[in-house]
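Each of the next two complexes has chain A plus one other chain: chain B in the first, chain C in the second.
The block that comes next holds the complex of A and B.
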């Protein structure tokens, strides 16, 4: 469901660093079932984050949906929208100050730079003004430590250094303030964390028209 | 009032009223129920209309808000360009002419509030612009919603829809309509009922938000609404209420109400129609009942009318009722009865007017005919009163059948002479005849005609009957002008004729005086007997053997103080008719007895014969009174003898003969008077205990001239002698007769030739000086 070339590159990078540590987190529903697809990121509280090179992250519009649904990026990264459908999309965001709006014809791509200049994580909710049901999110972070919970709600973060971190769970459907849950940990003590949600996490709504809209296949 | 027709009519009316009342009552109940149901259903409908309307407005607002929230133009400027956003927000508002538009951001701050407080006001920026939304909990969901929203004193029905960036809700925009008079009016127009929105600020503290009253419902809204909410709905109202929602924890109610009478107006109209219908029906049925009652009673009334007709003697018409029912039968019977009555009345009328024996018009008819004739001016006619002679004797001796036959025969012969309508059978043997003439010579012709008609004797049962009539007549208008009087005069003439032995007697005025005199004699006779106005005359019976007189007949005379001497025929019949005959006979017997004593003392031995009446023999005590007289005067048995006519025995022969035998047994001698005039049979004669027979003067007075009379007298004398009876001949008026009688062995002779009847003194002087003196004889022959 979600693909991140960034995460793959990070994984390759981390073992080369000294004092590296691993943090295992399991996100559970109140019924102890694992919550999949939850974004987990850590922000070091006691040391700075190394500068990393800008990457180009592609967000495709394919089959009338944003792919991936959630895109996590660091502030310096560049985002490129790529219309892989054979019809036009009108992509927009009116989330806070990260506003954009453009039409993307079939096969065209458009890169966006400098999405945000603010410090701290930001969320951009995107939509298509033509295909009302299309929905995508961009999470802009100042930390390279982020991952996504897997099948059983498990996620593993490889951190460079021990020390205190602020751990955050984010998901646009998480019914909390800013769709986030945070906690502070000391990696020296907490390397294995089980994070139980107070409310059951609802299933992510599909990016699809709620009504049967068959004629779309023909255009 | 109590007529059958009225009763039937009243019955129908009562029945009708009951039916109508029942039906009205049923309809009234049904209508009342229907009215209530209608009210309820109307209220329910109104309620439903309101709820639907309100709900639809809510959906409409939500749908619109959702549409507006998806407008990219609006989205683009939301949170970016405030002025443009407000314009966009208002642009949308204008499309539905909403009274309020609100935009809220993610932090529940009011980023846009466009509002107007009344329909006529211009839209303006609301006072809450920039403030936090007062009820942030509205926005926790993700779907569109509708709520009541209060801004100042105004209430709005407000729908919000989320404003999304993709799937993320970045704000809410809402549009709404005010709860105001326009809404109320719309609803009132649809339902035709009054409507009012009331906000319950605190309990029992209500505020009217808006109201609408249709122009035809002049009701003060607030107070009514309040009443309704407090469940004190006035009688004249129908009402219901709905809780619309809650704003700021204050419930908003809507009251729906209307005037009951107005709502029931159509029902009332129905009532009028129904009443009019009922009224019409009542009149029609009343009319029908009237006709029906008339129809039933019409034949009855016909019958009543017919009965009245019949009562008046009108038999011509008949009841015409065609119905086959009981009334028809009754009418039929009625007609039958009418016919029967008519026949019977005709019969009675016939009997009334005709004599049943001869079928001739009777006395009644005669009087009517006379009445009619007398009324005719200048008509002169005569009335003959005819009487058949000896009818009674025929009846007594030959029987009533022969008598009737005789009467019928006379009737027939008279009719042959004179037309039916002029000949009347009055009664018994009396007839009357009207002759259209008062001329005496013509009447004399009639007498001849009648006598000729009666000439031929009637042959009946071995007998030849001679028909003899006695006729009296009176002439109109000279003799009388009145039918009764005319008949009376004719009758008087007849009676007179009978007395005078005349067969055809004209009425004369003197006869009335005669009749009057007779009448006065009736009264005077009693006095005469008591006061000795009567006296006895004596006529001797000469003994043809000895030439001496030993017997005499006492004849009673009446010396009336005013009228002088009255002949015995005149008053004896009166005495018989008036029941004084016993007293008269008694007086005569006593007087005769005294006279016998007187003469006996003078040395004259004269046996006195006394006439007694047939009526004396009917009195059972007559023999007793005879015995008394004999003992009182110490008479020898043969001092007095009694003379009885043949006819005295006729009416009741058995008892009469029985009595005569008793008298004979007392030693008293009896003789038959006027022998030969009656119809006594020889058988009767044989039975009669008499010792003497007196031949009627009619055979005697011309016996020396008529050989027929000689045969009768001679054979009678022989027969009497053979039966041991002595014979007396009376009516001797000359010497030849006396000699003839003497020659033919007649025993005694009596008549004027010997001596007329003399008073006692004169008689004794005459006797003593005559050759017939018995004492002398005794001396001579002694």
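The block that comes next holds the complex of A and C.
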């Protein structure tokens, strides 16, 4: 769903002066069930992150949906939209400085240009102006430490360095300020954290086209 | 009127190299066999698209061009051709400039259309070039929309997309101001409700069944009704509201009023003061089953230049369709009921009508773009005016159709 495992393993290869540490996080609902599909990221608060090469990330438009639904990227990464459907999509974002809009014909690709240079994380909410149910999100981060909670709500981050981190849980459907929950931790060595949510959260699958007939028009 | 068309045509003369041209289409090759009486399409009193006997026809050849000016603006040109034993008609069915803005951060989007287009009424005619998506023939209600309701004017639409507000519903409100639809109601009065997938093309004349009144008190009336006629230069209007919950349940309601002056006759075309309200729903019960229905109720009034009521009718039509989809199969069963109630005293022009219809359609997907459709239409109608041609007023008519449809 995102490009983190590669980055994370690359990061491990970089010789580090300090101790690396593994952070295991389990996100639980009030009923102790695991929360799957949440984005977890860690931002170091007292040290910087080495510059990393930019990655190429593809967001496809396939079967009248954004694939993937959620894309997590670092600011230096390059994003390319690729229309794999047989018809035109009109991709747009409604998000602040990162608003964009373009039509993409069948089989065409287009690099996303002109993203803002703001520091910190930013969210881009996207849609298609032809197929209203299509919904996609980009989360732009300044950190390579991100992952997604799996079954049982578990996620692992391999951090290059111990120290103080801000941990964030994000999901576009999370009904909190900026769709986020944060906590600060001081990581001295490998650590397991259980993160219990105050309210039950379950990812609703993104809206899909319910029709089995694609020759509909806007009548 | 000519100046309006010049304005529209001049829009299409923008430099071609500045435009992003896309086109879609539908071809529907059909064989049919009908029993009953001669079709209303050729000016008789039958309710089906085809007269008794067999017919090999071009059910529809529709082409929809979209000339993109920029990301948010384009010109839509839709042409259609319908060729069968009743009548051949080829021409423009829609021509408009449209602008669809982008939603803001609260999901509010503004849109507009300027030109000739269908008001957003039919829940059946949703596919390319206004073809019905799941059946060969739309309901009596939407057959009438295709025949007599076409608006030329301006439409504004506001939409609230729930996905940007963490809401599970979308809301859409449209309002239109229009001209060139002053005769809407004439054919509904004079031939009543019918079942047909035809659409009137710009400039088409609709033949009127002959009654004693047509040759007497109504002799000024042209032999054919012009559904695009403007007689009094007054604007009509419509309103449409749609609520879509979780993409599963669509609720729709609206009102149409052509605001025509009923006592103005120009070029053999009377003004018909016509208004109707309508409501509908489409409910996806699960992946296989869905239910859809629409109900329309309204009135139409046509007067003599002395402002005496000549045709004063109330009318009503409603349908309920149960659909089952399981790729590549789709089955639709539709029940409907319709009526026209004649409230005037004009001799030789009794428009009373009551009927029921049942349509069973089967659609099979042969290939990505190819579909095989077969359909049975059964319609039982009692129409008083059939007595003028010495027919039984009550008729049960049936039709079996098979079509090969290609979407491109």
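Everything below uses one rule, namely that the second predicted complex is superposed on the first by the 185 of 219 C-alpha atoms of A that agree within 3 Å, B and C clash if a C-alpha of one lies under 4 Å from a C-alpha of the other, contacts with A are read in each partner's own complex, and residues count from 1 in each chain.
Note that a residue touches a chain if its C-beta (ideal position, glycine included) is under 8 Å from a C-beta of that chain, and two chains touch if they have at least 3 such contacts.
Being a predicted model, the structure only gives us computed values, none of them experimental.
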First, second, both or neither for A:103, with chain B first and chain C second: second
Contacts of A:61 with chain B and chain C, given as first, second, both or neither: neither
Partner chain(s) touched by A:205 [first = chain B, second = chain C, both, neither]: first
Which superposed partner A:88 touches (first chain B, second chain C, both, neither): second
Which of chain B and chain C A:137 touches, first, second, both or neither: first
Touched partner set for A:149, first chain B, second chain C, both or neither: neither
First (chain B), second (chain C), both or neither touched by A:126: first
Those residues of chain A which chain B touches in one complex and chain C touches in the other: 90, 92, 94-96, 99, 101, 125, 127, 129, 132, 135
Interfacial residue positions of chain A with respect to chain C in the complex: 88, 90, 92, 94-96, 99, 101-103, 125, 127, 129, 132-133, 135, 173, 175, 207, 210, 212-213, 215-217, 219
Residue ranges of chain A touching chain B (in the complex, touch as defined): 90, 92-96, 99, 101, 123, 125-129, 132, 134-137, 172, 205
Complex contact set, residues of chain C against chain A: 20, 22, 24, 26, 64, 68, 71-72, 100, 102-105, 107, 118, 120, 122, 125-130, 133-134, 161, 163-164, 166, 170, 247-248, 284, 325, 327, 330, 407
Chain B - residues contacting chain A, complex: 70, 72, 75-76, 78-80, 164-168, 170
